[in-house]
């Protein structure tokens, strides 16, 4: 039961983009067209789920338990290792996409490799460590992966909403200095204001 | 009563001219007879300046199959081959004829042809071509082309369009009221022309579709057609654009003509639609071999002193017709056709042609201030072609007309319903016209490109 | 990964760095191997011209060309045939090099300039009716709309060409006619395409005598529509020393290959519709200077 | 002969429907709710409403002038409607700067920045309200909201609302949030709740008046009845179906409780008839500019909004979720339009099927 609440929390309450303001650059960059937004969303969900799974595994199995290095000092390697893992994952996804869906690959262009530096992916990896440390390893792993998947879903939801809104705004008579990215930020802030209604959720 | 989805109910203002019987308007001294009064190539003039012509004499022969012949409306002398304004806005070649007022008939025009009833379908179509009969509902599509569908398409119904759903217009109503028998004979001729020689006589049925605001005509038709097996009258709900071909077929037979992207035509669903005036003209051509050189039109509007229905010779200038019924200075808009799909004229010298179903003079000024689209959805609900009209105007505002192709702009019949109901007074039909002007060449270029590629592969 | 890794070594302060390096080495090696295998398995062939163009491009990924980055633009040029000149930071030399890679030659042609062949502004052309609708030339010349201007060939003055010009070489004169600022005009043809009545054409910059009318109606109808329209009186054709001007279809047309801009026809034309641009150029440049407080 | 004629593309006649007429009708439909507010809260709400409307108009005029657009656009009355709606979701005792700032944010940020009437993605009044919620939390989340009890009609204009006989009490929703048990112990009955005789925002309290105004809009065809019904139905379904931690901590859905008769009906009544739900359902979510065009799209849009209210009210931190739920639904709207309004055309169905009307 609390898994449902975890998903709702990850998608709505602590939505990565709109509540925690992580992963803003692809959020603004790719949301120009819905087609590329869908592609990016799927890629991010795939990478985040896999990254959560692998990083949680690597952290518990490789970094923390066996080596038993001092409790306080055990996290110093996290960032470095996670980034390497995520980068190779993205590279893997890029190759798969280039082979299977070249059109989507070309549509995403620069933003696919950008997922590597996407703070949302690294963020979810870090969050998993701190949030799912207490329970048993297996429960923690499942929780982390589910959280990764739900956060990816939340990111994609926000991305799809944003791309549909921006396509509608392309037809709007937005004052010249605000056309394009500035109005996108205003919309993002309004969406964040709307999602604030969920704050305080248990 | 079943009907098509969408549509709108403008005040029909027919009371102004509905009770005025058809009067003959005397032809003026000079007439400018346009050589292109139809869809298709303009007619080639076969008379020069100085020739003497008689009423009904051929003065312009059809150039090609999809074209129509033009006949002299009066007897007199051809002054010159000039150019004149076509209601659509372009200028076309025309013949300036001076009327000698004697109405000398060309030979055999007006004589009663004794065995006109058993004329073969082939001759009916030939007569239609020789007499220059075109669709008189406003589309002016040459009738002989419509009456000779390809063998693959088998026609099972002819619908006589008596919807006359445009406000103000009452000419079809008066024709039906005053010349009911002739119109029915015309319908019979149409049915016979479309019945394949080997088929049984009642394979093609004829339906006269009348809107419910013309009940008296409907009742009269009903009792006159009681004994006919394949002819009947059908009552339709009063709604604009009931008279549009696709909507008419949907209401009468509940069939849907496929869209423009599949080059859909009424004959694809086995139907041919004709206007009431066209049926009458065909009857007069077959029986009295009288070519189409005059037609009934409604002169009405709040800036006309005595609205009425006039039998007018083709080529008479709009000014002459309006003056005959007294146009006041409060007129700010003169429309050729109906207020919903008609064309506002800038010059009153534009002559009446075969497709002019009405000449209106309205005093309402047209300066509606355009406001942004508030996506209220009224146009989407009322569009009879079930398109998304607001898309055409919002894309138009930012100049992305090429994307209107994706929203099926070429299927729009420009009936004007969306612009009529739009609370923001947005000129959606004008955006559609621009969209079509941008999209059609694009599609043609793409088809050309495709064809060249296929040739390269097979060539 | 044997768990018996010397825990004692890790405990000492110096051991952290050694341990960190060790872990990174292992992870790097494993992942490197996985990626190498994957790149073999997912091999895709890429058109080598994309690589060449990519080297030429500044690789700033600024997106000014309208694509997601330099790589996307390179592929667009190769696969979708986009224009070679879209790279703003690259400028002209990048454009030439891309063109060479794509095999197109960028020859230098004689400089052209846009000319608006209509002189019937609000002062001389008659209006036929008040126009209500979208304020754009293209909108005012759709079928089913009578021309608001008496002349059905003349310029409607609603500024489609001025809007289409990206080089600020078109400005709307006070009499409702567009004026071409020749120093800015790069003859890209945007205005020619934008004008629905095809009034604007590209002509050599060096010739400065032009006929400012394209009304092909007969003289009598032209007078009804405009005071200064060409009435096909043929005077210009008779006077021209190099036979460069002819009245075709009731309107005088200049053959710019033969025309030497001597200006004889300018003085001869009774309607004054043939104009010597030299003196008006100064006036246009004056118009181009930002008048303090005035808006162009 | 008539002077210069006029030419335009067909059609040459228009229906009576215009944007100003729609906007002023919506403003008129809000009057009943305002009158009840006036009676319950006293004359002070007139100050709040006029300040809010004035602030909206001034902001719109300023931004129109800044964008060099004709000031005549003010006539369309949309700024007035936004001003009235914004005022109706503010507490009666709001300080003068609350409606002023709210109006500036609503018109300036949520509407003109997006391009003016018809281009805004979010409902301006609600963006204003959400902004105020975080700008002046003390003003808007005040626990004790004053209201008057059983005052004779004539005494509306006697003295300030905070006078002696003003009874301060927490809004029913706040009570529901903290102590779901004794909802009706605060001294008012179900009818007070329904008629609007209870604490709350200026125009939200009276469900009767709002339904009256809403019915008028539906009758005139400016509001598609499916949208408010979908929104309310989704809320009721959400409230009943989503499991809520009962007193004993166990998560139980409301629905089973109905069958064994133990379900406290008052809770449902409070959910539906108090707070901003009614005003949101009939006036906020049905704003033409920010709601989908097709009725299928409006049903989905209403359901999403209803579920969001249920989520916020049951699990969220705030007692009142209507404002946020509609803003989120506004966010979903372009996506809904994209999927419920595919490019279609008459006659697309195959010829054989004939297709029904």
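First chain written, first letter: the chains are A, B, C and D, and each begins at residue 1.
By our rule, a contact is a pair of C-beta atoms (placed from the backbone, for glycine too) under 8 Å apart; a residue touches a chain by one contact, two chains touch by 3 or more.
All figures in this text were calculated on a predicted structure; none of them were measured in a lab.
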- Query: When every step has to jump to a touching chain, what is the lowest number of steps that links subunit A to subunit C?
  - Reply: 1
- If you average the CA atoms of subunit B and of subunit D, how many Å lie between those two points? 50
- Query: Taking each chain's centre as the mean position of its Cα atoms, how many Å separate subunit B from subunit C?
  - Reply: 42
- Query: Taking each chain's centre as the mean of its CA atoms, how far is subunit A from subunit B in angstrom?
  - Reply: 61
- Task: Mark out which residues of subunit A touch at least two other chains, giving numbers and ranges.
- Result: 173
- Message: Counting only residues that touch at least two other chains, what does the list for subunit B look like?
- Response: 343-346, 366, 368, 372, 414, 427, 430, 433
- Residues of subunit D that touch two or more other chains sit at 5-10, 115-116, 119
- Among line, ring, star, complete and other, which best matches the way these chains touch? complete
- Where on subunit A is subunit D touching in the complex? 1, 8, 12, 34, 160-161, 164-165, 167-169, 172-175, 178, 183, 186-187, 190-191, 193-202
- Query: For subunit D, which residues are in contact with subunit C within the complex?
  - Reply: 4-10
- Note on the structure: Seen from subunit A, its contact residues with subunit B in the complex are 170-171, 173
- Using the touch definition up top, name the residues of subunit C that touch subunit D in the complex. 127-133, 142, 144-146, 148
- Message: If we count contacts the way the header does, which residues on subunit D are in touch with subunit B in the complex?
- Response: 1-3, 5-15, 17-19, 21-22, 72-73, 76, 115-119, 222, 288-289, 291-294, 341, 343-349, 351, 354-357
